[in-house]
Every structure is written in structure tokens, then in C-alpha cells.
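Naming follows writing order (A, B and C), and every chain is counted from residue 1.
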Amino acid sequence: MRAVVAIVRGMVLELFRRKDFYVFLIFMLVLLGILSSQTFFHIEGISRYMRDFGYTLVMLFSFILAVTFTAKQVPSEIEARTIYPLLAKPISRFTFIFSKFFGGVAISVISFVLFFASFILFCLGEGQKLSPVLVAQSFFLGMLFFCMVCSMVVFFSVFMTMSANIAVSFLLYFYVINFSGPLRDAVISAKGFVAAMLGTFYYLLPHFDFFDMRIRITHAWDPLAGWVVAAITVYTAVYCLLLLYLAAMIFRRKKL
Amino acid sequence: MYYYDSPAGQLESEVPFYMQFLGEGRSILSNLSILQADRYFHGGIGHIDEDHPGGITIDGESQEEEGRIHEEEHPEKIHRAPGRFNILLRISEKTEITRHIHLSGNQVKEIIPWIYYSAKIDPHNVLAYTLAGYWLADRLDKVDEAIAFVKEGLKNNPDSWELNAELGRLYFKHRKDYKAAARVLTRALQLLQGEPHDKFQERYVLSFLAYSYEDIGEKAKVLPLYQRLGQLFPEDGGIKRKIRKLQEE
Amino acid sequence: MEEVITIRDLFHAYHAGRTEINALVDVTLDVKKGEIFGFLGPNGAGKTTTIKLMLGILSPQRGELSIFGDVPSRTATRKKIGYMPETADYYQYLTPRELLRIYGDIFGIAGKLLSKRIDDLFEMVGLSGDAGRLMKTFSKGMKQKVSFAQALVNDPDLLILDEPTGGLDPVARKNMREVIKTLRGKGKTIFFSSHELSEVELVSDRVAILDKGHVLASGELSGFLSRKGEKQTLENYFLQIIEEKK
């Protein structure tokens, strides 16, 4: 545990010392500021498009930071040869992989918390009413989302280059968010062998769509039922553990 | 209302400089912006109108009570229930929003930014201006703003019969300025009859023009308009009665 | 004397495409407690592979290797080892102090003990004034000093150094030699892999010479330096033995 915390601490320090994080934060605040200054035909109280943009920016920027930061962890340790003095210490390869995962989660969550807080404060400052339950759910699911993302990226990082990892992660995210609905319909209506194939594919995909609260936040729909949030939490835990276990097994056999 | 494709060869000087680099992509973005307005109207959910599969509709006639949710099945979404133990499919089902609602009352203001951006991205997207005219004037009581915006659209698209017709409608319905309405609708009719069109479009313009002339008192100009309507819709009993009444006067 | 490193008939091969390259073939050697053991060989001899096997980063395909009587893959074994790699581009956005804190935490050293040890180590390697600077501003020599300091953060019983003097100026090299001798005086064992034969000659008690995965010679340094009754440098001996075995 100490080793994990130590490595995570180093990764968090790096997040705050790189300029990327501040660039995204400032960019987001500037964009929100520009959006809020827009007026349309002297109509007061237009709020949904700002919430839409704001939430999208929060998730997008946090996602970019999570993927780019986490994807480079394992390859850059190997390339810089810092993996050798690290693995020469009393730390197993399993611990190394889990440390990189927790580090990725830490930097994602820190970024997400700051971006999300900025977004909420901005909305409240504009006089928008937000359901506390919906906000809390969005925040919680956001954190689960980044656990999923980081586990997936760490898994890819043990056998892909950094650029391939980033490209595949973005493509997967884009696909799942936009096409999981039609895929689900196809799975339900398929029969026989095709149903089995599609079903397997459906189960293997990381279901980022479960965590997407953009429409609910933007258009003030009802929050998710408690059991749905609990089920998503369990799904996230199982999926992350499986991916991390696979990543550790692959990394254990990797010749360094 | 139907999609309007921006004509090629539009004047680049009319487009803000930061949009010019998008080229023809502007019209795609502009149409996407309108689609987004439609989604916003339906509470963020994509909606396919069976009557106008290529476009969106203006819900001009429904007057729903504010806050009432109008629930109905999406005919295009055929949902079979997933198996009871298929947990991922069940979670997916519960996280997706499928209810069909329309924004009502003052809530419709939320679609305005997308219509506005649509017009700004592509000033030759006539649909953006006509939609703005309807939603601003009829649903949000912003008549002056609607007229100003449609006029701006006319500056960018002077030969658009749709924009002339919409301006005429605004003058007729909201300003009660029948002379101005007649002037603009006459221009709309000239433009319409100079290009391929369908009879419903012509009826729309003819009707408003006829009402305008009636309200001005220029009855001599009303009969030819109804006679033209009669040619377009020979089975319409209402038009026949109107023609008889005008002939008797 | 107790043996710290025991290697018997060690074999390890790499696959380069369809070709199998024998990195180590029947390597046998011992390193005794409290000695400085020099490990020499030309480029590609198998020195780094041997070190990786000793650290548990690689697993031998045949043979035996034990550190303190145990397998190196056990984390308990590695608690007593300090390793200085040949090159390591340490984390650019950390300071040396933060790096050593992280490594110290991994070893379970904490609090004031760790802080004091870090201060002493930076004093020893001559980095006290630069300990708070980000490592992306460091020269190669400074990074080498950081590398040496981090190898000592856990006060190891066995120190494995891979090309430790590379990039160091003569003053820093002398300083490092003295530190190594001081550590030997404290009963530490130092395994020292280097091309710098003059450096090895100045500090080592025993040496082994590796070429193409085979141990060509192993024994007391003094024995190599007075071969056939004549005095010679380690470099001369090294070149002779490599030539003889061709």
C-alpha cells in the first residue's frame, strides 16, 4: 500500500507541474465565460446550452487528461529506463500496474473535481437551479467513469505504444457513446449464433454510455434509480478488476 | 418546412472570417445545429418525424400545458425487453431516456441558441431564419426581434420566397400591418412561382396574401388569388364557397 | 566468508525474431559479503543481463541464482538491495528530494529518518544545493549523482552499480570511489559493473571478466595484476584474455 501511495504521489505532482492541466482549466473557464456573455434576442434565462457545453467540456478535458497521462505511464517508464530502478525496489509487477492505475484515477479525479466544481459554481453563479441529487449522481458516476477509462488505458499500455493506446481509447469512447444504443437493439433482436457473437461483443465493450449524464444534467431529467447506480458501481468494479488483472498478467510475462 | 441547402457560390464576404475556413462544411454544421435545436425541443432526445423524415417540424399548432409530459411510443424504436438476467442490457435500458416530450411555454427559449448559431454559421440557411421567426414571434412573444432577424436573413438571401413569406406572416399575424404583409407576400409569390414548388407551398403564400388584401380592403385582388387556389385544390369545398361569395359581392 | 550472491551454471537467451541469442552461458560466480566485486566485459558481453537476473527483472532459463540465500524475485530479497542503473532519465517533473522520498516510502522508511537520510545522501554526492530543483534541469552528471543517491536510500546490504562513473567528472569519480570504500568498511557488499577498467582497478577486491555470455576469468584482482610474475594493469590483462579466447 505504501508503495502504491508513493507512486501515486509522484504522478499527482507531475500533473500539477505540467502545463496541460492549467491550459485545459483556463480554456474551459474562458469558453464558459464567452458562452455566458452571449445574449439571444434579449431573452433571459437561457441555460440548457450552457450546461450542455459546460458538462461536455468538463468530461472531454478530464477524459483527454486521463487518457494522455495514463497512456504514457508504462511506456515512458520503460523508455526512460526508470522501470529498472523501480522494479529493483521491493515492489512486484502487480503492484506496479495497480499503482499506475490508481495514479491515473487520482489525476483524473483531481482534474474532474476541479473542472466539475468550476462548472457547478458557474451554473449557480448564473442563477441556474440544479437538482442536488442529479449533481451528486453525475459526480459519482464521473469518478466511476474515470476508473473505467484508466483501467482500460493501463490494460492497453502493457502491449500498445502510447499513440496507439490514445487513438484506440478515443475511438472506443466515440463508438460506445454514439452507437451503443443501436448495438443494444441489435443484440436484443438477434438470434442464434449472431446473438451470441453480438452479445459477447456487447459485454466486452466498456460501457461508457452508462456514465453519460449529459442529457439528464442539461435537460433536468430525473436522476437514475438507486439500484441502477449500484449496478453500475458493481459493473465498474468488476470490469476494472478484470482488466487490471489481465494487464498485470501480461506485464508479468513482459521481457523488459 | 423543409431543409434548405445553401446554394453554391455564396458571397464569402457575408460570412464571418472565422467561419470562412470551413468552406462547404458550414452548411453541414448549420443543419446539425438545427437538428440540435430539435433535440432540445424533445428534451435532449433525438427525434424522427415520420411525416418529414429528412427534416424537422415546427410544432405550430399544439398548445400543450406547461410542464405536461406527452408520453407516447416512438414508432421508430421497437423495444423488445432484454432477458431478465441480462444485466448490462437492463442497465443500458434504464440509463437511456426514451420518453417523448416537447418543451412548452417559456421553456422553448432553450432551442433559440441553436437556431441562432445555425444562421450565423451559414447565413444562407433559410430554414434557420424561418424557424427563428416562428419561435421568437409565436412562442416567445419577441415579435420585433423576429422581424429584425428575418430581415437580416433577407439581406443575405434576397431571393428567398420562404423568408419573404415568413416576414409577410409576421407582419400579418403579429403586427397587423396588412399593407406591409401584402407587399412582402406579393414578392414571395413572384419568387415562388418562378421556381419549382408544390401546391401546398403556393397555398400557404396565396392564403396569407388573400387575407392581407381582404383586410386592406382591396377586394378586387382577392378573387384571382382564390381562383388560383381553386385551380390548385379543386376538391376543396371551402375555397369553392369563398369564390362564390366573392363573385356574388 | 558468507556468500551474498551465488550463481551456478546460469543460462539465459533472448529471441531476436527467429534467432536465439545466448546472452549468458554456464555463468558461475560468487560474491562474498563485504567485498567489492568488479564485473567486466566488452559491449554485449551479458553484464546488464546478469544484473537484471540478479534483480529479478528477468528469470533465468537454466541454472541457479540466489541473493542472500533467496531468489531475487521475492520482494523481501530486494529490500536489502540498492541498484544504480547505467542510465535512467528520472522523472523530469520531480525534484531529487521527491524522488528519494518516493523510493524511501516504497522501502517503508518514513518520517524524520527518511528526511535525514536523504539530506545525508545529497551531502555525500554533492547535490545539497540542487535537491529542490526539477530534474529536467539536471545535466547527465547530476542525474548520475541522483542515481547513486537513490541506490543508497534504503541503506542496502548489497549495492549493484551499473557503470556508476559514467558522465562524472574526475572529482565526482574520486568521491564515488571513496564512498564505495567507506561502504565496504561498513560491511556492505558492492557489485560493480563497468567499462572503466581504471576505476575497477582502484576499488575492487575481486573481479570477473565476461565475454559473449561466458566467464573468461574470475578471482582476486591482485592475482590478475601480477600474472606470470609480472605486474600489469587490469586493462592489459583484460585485453589479453579477450584476445586469447577469440
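What we mean here is this: a contact is a pair of C-beta atoms (placed from the backbone, for glycine too) under 8 Å apart; a residue touches a chain by one contact, two chains touch by 3 or more.
From a predicted model like this one, the values you see are computed outputs, not experimental measurements.
Trainee: In contact with chain A and with chain B at once: which chains are those? Just list them.
Mentor: Neighbours common to chain A and chain B are absent.
Trainee: In terms of CA centroid distance, which chain is the most far removed from chain C?
Mentor: Centroid comparison gives B as the farthest chain from chain C.
Trainee: Need the central chain here, defined by C-alpha centroid distance to the all-chain C-alpha centroid.
Mentor: It is chain A that sits nearest the middle.
Trainee: Averaging over Cα atoms per chain, report the distance between chain A and chain C in Å.
Mentor: For chain A versus chain C, the centre distance works out to 41 Å.
Trainee: Report, in whole Å, the distance between the mean C-alpha point of chain B and the mean C-alpha point of chain C.
Mentor: Distance between chain centres: 79 Å.
Trainee: In the complex formed with chain A, which residues of chain C make contact?
Mentor: Those residues of chain C that touch chain A are 14, 52, 55-58, 75-76, 78-79, 81, 83-85, 87-91, 93-94, 98-99, 101-103, 105-108, 110, 134, 147, 150-151, 154, 160.
Trainee: Which part of chain A faces chain C closely enough to touch in the complex?
Mentor: Residue list for chain A touching chain C: 2-3, 5-7, 9-10, 13-14, 17-18, 80-82, 84-85, 87-92, 255-256.
Trainee: Which residues of chain B touch chain A once you look at their complex with the stated criterion?
Mentor: Answer in residue numbers: 40, 43-45, 77-82, 87-89, 91-97, 106, 109-110, 112-114, 116, 136, 140, 142, 145-146, 149.
Trainee: Give every residue of chain A touching chain B within the complex, in rising order.
Mentor: Interface residues on the chain A side: 38, 40-43, 45-49, 180-181, 184-185, 187-189, 202-203, 207, 209-210, 212, 214-216, 218-219, 221, 224-225, 228, 231-232, 235.
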